[in-house]
Amino acid sequence: MEKNSLYEALEKVRKVNPLVHNITNVVVTNFTANGLLALGASPVMAYAAEEVADMAKIASSLVLNIGTLNPQTVESMIIAGKAANETTVPVIFDPVGAGATSYRTETAQRIMSEVKVSVIRGNAAEIANVIGEKWEIKGVDAGTTANGDTVTLAIKAAQTWNCVVVITGKEDVVSDGETTYLVCNGHPIMTKVTGMGCLLTSVIGAFAGVEKDLIQATLSALTFYEIAAENAAAQTAEMGPGSFQIEFLNQLALVSSDDITSHASFTKVNR
Amino acid sequence: MEKNSLYEALEKVRKVNPLVHNITNVVVTNFTANGLLALGASPVMAYAAEEVADMAKIASSLVLNIGTLNPQTVESMIIAGKAANETTVPVIFDPVGAGATSYRTETAQRIMSEVKVSVIRGNAAEIANVIGEKWEIKGVDAGTTANGDTVTLAIKAAQTWNCVVVITGKEDVVSDGETTYLVCNGHPIMTKVTGMGCLLTSVIGAFAGVEKDLIQATLSALTFYEIAAENAAAQTAEMGPGSFQIEFLNQLALVSSDDITSHASFTKVNR
Amino acid sequence: MEKNSLYEALEKVRKVNPLVHNITNVVVTNFTANGLLALGASPVMAYAAEEVADMAKIASSLVLNIGTLNPQTVESMIIAGKAANETTVPVIFDPVGAGATSYRTETAQRIMSEVKVSVIRGNAAEIANVIGEKWEIKGVDAGTTANGDTVTLAIKAAQTWNCVVVITGKEDVVSDGETTYLVCNGHPIMTKVTGMGCLLTSVIGAFAGVEKDLIQATLSALTFYEIAAENAAAQTAEMGPGSFQIEFLNQLALVSSDDITSHASFTKVNR
């Protein structure tokens, strides 16, 4: 993939303002909505079984996130996911905390089996647990020690589910099972702000809402997002995570095509 | 209305610290509470059917917001609204996303028919859909092209419901069906922060909790709020929406009577 | 207690990154998670009856907060609390708004009777109402006039419940019924940011997750937290509550052992 094509999806998002329907957790709703607005997307949160199918059908993409799941919201996710599938609205899924409790693991697996997901994003432990491998997880954070090879995991998961898999961590892996990329952008302070992963998943939703090539949409979203974090960290990392969080929202609005062309750091994996 | 009378309500809010009971959406709860605290009001969020009547009765005003509605919360809104009506606590209603799904439209209409609402605030599409006209809406954001005359819409809605109607947009309209004002304060970056409309509705609640003249309370709240946004934008708009959001909270605490007298921009509409 | 021992618990938190399971209200979830991350703890929010026992058992501490309680969440709190009790995970309880409605008062009393709570933190009105005294409360904020002697109240409550009681206000009281401390750190602007009390309760949870001496854990958490607020206020109080909130998150990451040794202000009460 050429670096120039990375920012085309960003420009489309800023021009089209895609409507991103989020069924997400109560910790990150505000941050997610503000991040999507800053980027140029149009967020909507709707959770009730009475309306999620209607909302998903008019959206550019649907984002499902089980960070604070409960039986009612899970039913709404299934209903919305099926409605999105009927109208070819891409579904992006964030299996927050899969592996931490059996309820999360089983719910994530149920969503993957009942809904056709276009992109799934998680840390290594979450992705591993959803495909049935037991990797260490601490609450909703990945274990600090790698339990295995994340590239192999991403390829296996992508082939199993026939979708794009994004595993984020110190390095990030994007794979559709055939083509695989490693992304090396980002900054360690991202782990000190809640919802940085959840918002990334919604940002992938925004990009997938305007760009049909899902590998390109995902890689564009990921490099854009992590370059915004790098810019924000350059200005604020020493001030602390509060200042970083606010500057990161600023940077989602400010990151330019030039920033992406000059700072995007990714390589194609040969396997 | 004289400009001098605009800040009297603000001074009352800061002196009395009215208790504002919010039944609002999960996206904006934190921002709403912080905005009300910054202004000098005392926010409380209470949602359970088991307690909303008790809380509404001891509040200075009740704010209902259907941004992430579900059947349980809607029942609580009806219960709280009726309790507020019994004790003449003013009810302020924000029909977020009415028109986007039939569930939202029907719920908004149900609340307007079962609860005596003092002030309703929405964008043009939301207000139009609640009175049964079909205006374009995109998720929870108003369509970018005006579908009609918002002054006529506000007057018609106010006469239909016998309440104060506030339609916010590039210009804002405030009408009780007889007297109508246009307000020209505010700043475009307000659309880049989630919950700016929702918090405005709660701020109207704070003002209506201390000022019985609802046109004066609403016009005071609106000019105060948008001047705070202008002040914040003057300092931060080029930095981005993250910095604006924080400075806006600061300005809710800092806007003075002088700011209001010198910057309030409104005209009475002759019809 | 020696000042030197105060920061030992802080250093343990930053080294161990305890997993703090929060069942808290929808207003403060984001702020709580960000505050715990800034401090060095690892927050997780999980609410569903289907998973709270599993999550509580793997956590270092469990924090229960009834700020926006409903029957489902209360059941989850009881289930999680009993699971924590079985595995000797300390339970920290914040009876937000007890006294404002009978539902809140009764629920707080039910939790105190069905779960073995290690530390309870509230304002004077909340603690008084949970033990059955009627103190004035305004929504979720303590009345501005003291209704009685908070030291006597804290000692009585600690003896009644056989746990550590923390009453926060202009001065703070920490008591286990035998040993009692007064803490004089903090800053008035703390009352202008929502969730400052709720986050403190969760921070006590983080400290109690690494330090078994609950008086030391609580006193360490309280002085650390309020010194962070003092530092933030010194830089931002004149700018407004928005800037304070962000700088406070920064300070949770930045406060040093030296800050604590030089600024901690507490006295043992002789009774």
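Order of writing sets the labels: A, B and C. Residues in every chain begin at 1.
Please note the rule applied: contacts are C-beta pairs under 8 Å (C-beta built on N, C-alpha and C of every residue); 3 or more make two chains touch, one makes a residue touch a chain.
Here the structure is a predicted model, which means the values were calculated and not measured.
Using the contact threshold fixed earlier, the set of chains in contact with both chain B and chain C is A. Rotation angle, chain A onto chain B, C-alpha superposition: 120 degrees, expressed as a multiple of 5.
As for how the two copies chain A and chain C face one another, under half of their interface residue numbers coincide. One simple way to say how far apart two chains are is to compare their mean CA positions; for chain A and chain C this gives 33 Å. Taken residue by residue, chain C touches two or more other chains at 26, 29-30, 245-246, whereas all remaining positions touch fewer. Taken together, the chain A residues at the contact with chain B in this complex read 19, 21, 26, 29-30, 33-34, 37-38, 42-48, 50-51, 54-55, 58-59, 72, 245-254.
Looking at the complex, you find that chain A touches chain C at residues 25-31, 67-71, 97, 100-104, 138-141, 191-195, 239-243, 245-246.
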